[in-house]
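Please find the structures below.
Same chain, two partners: subunit A is paired with subunit B first, then with subunit C.
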Partner chain A sequence: MSQHIVPMRVYFVIFFSLLILTAVTVWVAFFDLGAVNDAVALGIATTKAMLVILYFMHVRYSSKLTWIFAATGFLFLIILLAFTLSDVLTRDWIPVSAGWGGGAQ
Partner chain B sequence: MAHEHAALQHHFDDMDQQLEASTLGMWAFLITEVLFFGGLFAGYLIYRTKFPEAFDLGSHELDIKFGAINTAVLIGSSLTMVLAVYFAQLGQRMKIVFFLFATLVLGGTFLGIKAVEYSHKIHDGLLPGPGFTFDSPIADQVRIFFSFYFAMTGLHAFHMIIGAGLLSWLMYNAWQGKYDSSYNTPVELVGLYWHFVDIVWIFLFPLLYLIGRN
Partner chain C sequence: MSTAVFKPSKSQLADQSDGASNYLNAGFSAKSWLLTVDHKRIAILYLISITLFFFLGGLFAVLIRLELLTPQGDLMQAETYNKMFTMHGIVMIFFFLIPSIPAVLGNFLIPLMIGAKDLAFPRINLLSWYIYSVGGLFTFAAIVFGGVDTGWTFYTPYSSTYSNSNVILVAVGVFITGFSSILTGLNFIVTIHKMRAPGMTWFRLPLFVWAHYATSIIQVLGTPVVTAAIMLIGLERLFGFGIFDPKLGGDPLLFQHLFWFYSHPAVYIMILPGMGVISEVITCFAKKKVFGYSFIAFSSIAIAVLGFLVWGHHMFTSGQSVYTSLVFSILTFLVAVPSAIKVFNWTATLYKGAVSYDAPMLYALGFIGLFTIGGLTGIFLGTLAVDVHVHDTYFVVAHFHYIMVGGAIMAYMAGLHFWWPKITGRLYPEGWARFSALVIFIGFHLTFFPQFIVGYLGMPRRYHVYPEEFQILNVLSTAGATILGVGYLIPLIYFTWSLKSGPKASANPWGAKGLEWEKASSPPSQYNFEKTPVVTEEAYDYEPTIWLK
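Up next, the complex of A and B:
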């Protein structure tokens, strides 16, 4: 069969990279970087997730159709989060007249 | 025509096509899983932006040691899982069983540590509900953090328990010699599921344990 067999060495390299990135994310969390803390934490988490998806989940060696499927899940996740935040974070930008729903109470 | 493998279903042309179709089906399921957890992540984002101080306070109650060790345990279980897939591709029966067992043991270790954490938090009165006690003027907001903590880690742990069941089933079949270099789709697909659950934790760990530490 034509299953792509990844050399075992690759798996160990990814494993140790993931452990190192975990240590880095804990270490960085104790520095006060303001809003950058969250960006760094999520950046590292995303990098770790990419390593798992590409190598442990074999997407790197899979068909283009599998790539599209894998990417679709995250595309929809980004839409979910982006549209949620575009609402929640911008609610105070424009003052709304007190009449809106104000009649109830 | 080449001889047909016993595991080849009649509606597929060959083993490659069958594996490809099965892999795509698993990814379609995982897309729904991404959005299943995504709803909780979106809720977390809304309340975190609304009550940042309360989320920092709540996060401080969690023990980074437990969280970090569990992250390492889960990454280790992903390694043993991928090695089980590797030996399935090579058709080495006893090594498949061994690495599936190692994955099961590491998954059990994760759940054990999680259980210890839960019992500490419940003992400290941090489980949202009538017994919730937190000494702070914004205790109500901190309770929202713990609602997310228990809901997200609980749903994650539930996935781990299902994964443990799947691993046991794979071990039994592998022991029976059902998987070899030409047919190992179930091992590969449970592997995809297990790694997905690992990825969820990779995001949960910083979002729950590591915020507001400086």
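Up next, the complex of A and C:
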């Protein structure tokens, strides 16, 4: 199996990028961005995870089969999030019954 | 035990000159076993470990059934009963059923079946067993220190806030064991992709290997989620994180989503390898090529994928959105399709086959019937309106025991009997084996069929007292459990006997197809094959006998 040799410089660049993104996560937490609070935090976290997967875990230099398996992991994460959110976001669409005595609220 | 109760044929017995070195006599010290990287020895380590856990879990089952013999709570208090069914579930699911077929039979057979010397990562394979053992020790410690009472499902907020039992200790045990499962799955995936012998194309793989490939996908993709969920319970319990507690902004149903995202596919971790076993056994004892090879192979993958899309059917009555429940209900019906394909194909394989009724075949036929009942009652439970009626009743208990015991354990027993001569190089007493298969089949039905009825009549699960009108059905169930227990003890006795006194088995006592039978000795040599085999034929290429006439 051929091994891709990654220059040390790349590792250092990624490492410092991760440190900077961590600092950005902390910094941005001091601002109330309203509805996009979660989106910003998750966006930074996802970027960091991508850097780790692509460079530290060598997926960028790996075979297509490895890409498929890595992508499958994300696909199943999306399935988990999508179905869970489909529950959370539609729970109130039908009012909850108050029981025998009360009827629908 | 007398050998007069069975008469092995000449082809089943080894030549007396067969005394060659094999993986069992490659070393006798404790170190040679505890530090082995041989997949076959690691399979034996797993076999011993999971057998201990099986009988420990069985002990809890006995105590549960004894308590339910009478309507009153006269054997134990409610709190103790809660701990009994919790420990029964945790031990049986996480420490027996999930590792059983993959870690024992899969570990032993996958390299042999694909023509490899070992798994891709032999040291990680040994590490998996050690991780499993450490997880098991934590759980065992929790039992010794008083047990846990949350149910095996660890539902919040009870587990995260209110329970006074050893939740953390068990959670740590299950958390650790999860990594063992992930590493085993990873090892299998890489091995199947990278280590197949020349000529062993994907569509020449035994269906056992396809089934384990599908299982491994679930293990690798699903297990991290339940591991994270259980860790979050620990963090919430210890540090008051507001993940699941509504008072802190959490959502108790979020835990159920995370838990069942893994734990429903986990049912397929238990049953898919069993389906692989059944494909091997049915073809061998029908002496006929499997009907619809590619359909069975792809239905394994379909079950693995669709199995991830149905978890919400465990939450129909928990407050989940009705719209989401509708979608989960429809998807649940879909997963029945690939399961049915397998059952129909096995049945079609039997048609005009030269069927013989040796012990592995009896277990396999038992599997088909019991799994079908378990699967069809799953359709009842996947139907929204019916589920509201029978949710959390004994109907559910009966349903999943038909899948897990009637399906997974019957398949495990079929596989253990089928490959026992290969694993140990010894034959077992066939008459006793057939007898035990029948005892288990009868005991199983008597235990669990009454539970369908009592559940439909309204008896809830997880209570140690019940109305008197349910006693007859509970007595029948307890009587069945006694028979079932005896049925499981008989193989323990004759397998142990055969290790020392069983007649030596030939390389292929069943006349089966497959590299493990045709190219490896019984027991196999340390590196499986004298030289790497070259595969030139399809799987299950049995000589046409009856079905063409």
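For this structure, a couple of remarks:
The working rule: the second predicted complex is superposed on the first by the 92 of 105 C-alpha atoms of A that agree within 3 Å, B and C clash if a C-alpha of one lies under 4 Å from a C-alpha of the other, contacts with A are read in each partner's own complex, and residues count from 1 in each chain.
The criterion applied here is as follows: contacts are C-beta pairs under 8 Å (C-beta built on N, C-alpha and C of every residue); 3 or more make two chains touch, one makes a residue touch a chain.
Treat the numbers as computed from the prediction; the structure is a model and nothing was measured.
By the document's definition of touching, neither partner reaches A:I20: not subunit B, not subunit C. In the overlay built on the shared chain, the residue A:V36 is in contact with neither subunit B nor subunit C.
Once the two complexes are overlaid on the shared chain, A:M57 sits against subunit B while remaining clear of subunit C. When the shared chain is aligned, subunit B and subunit C each come close enough to touch A:L65. By the touch criterion defined above, A:S86 reaches subunit C but does not reach subunit B. When subunit A is checked against subunit B and against subunit C, the one touching more of its residues turns out to be B. Residues 65, 69, 72-73, 76, 80, 84, 88-89 of subunit A are contacted both by subunit B in one complex and by subunit C in the other.
The touching residues of subunit A, when paired with subunit B in their complex, are 1-3, 5-6, 8, 11-12, 14-15, 18-19, 22-23, 25-26, 29-33, 37-38, 41-42, 44-45, 48-49, 52-53, 55-58, 62-63, 65-66, 69-70, 72-74, 76-77, 80-81, 84-85, 88-89. For subunit C in complex with subunit A, the touching residues are 189, 193, 217, 221-222, 225, 251, 253-254, 257-258, 261, 308-309, 311-312, 315, 319-324, 327-328. Subunit B meets subunit A in the complex at residues 15-16, 19-20, 23-24, 27-28, 30-31, 33-35, 38-39, 41-42, 45-46, 49-50, 64, 68, 71-72, 75-76, 78-79, 81-83, 86, 89-90, 181-182, 184, 188, 191-192, 195-196, 198-199, 202-203, 205-207, 210-211, 213-214.
Contact residues on subunit A toward subunit C in their complex (touch as defined above): 65, 69, 72-73, 76, 79-80, 83-84, 86-91, 93-94.
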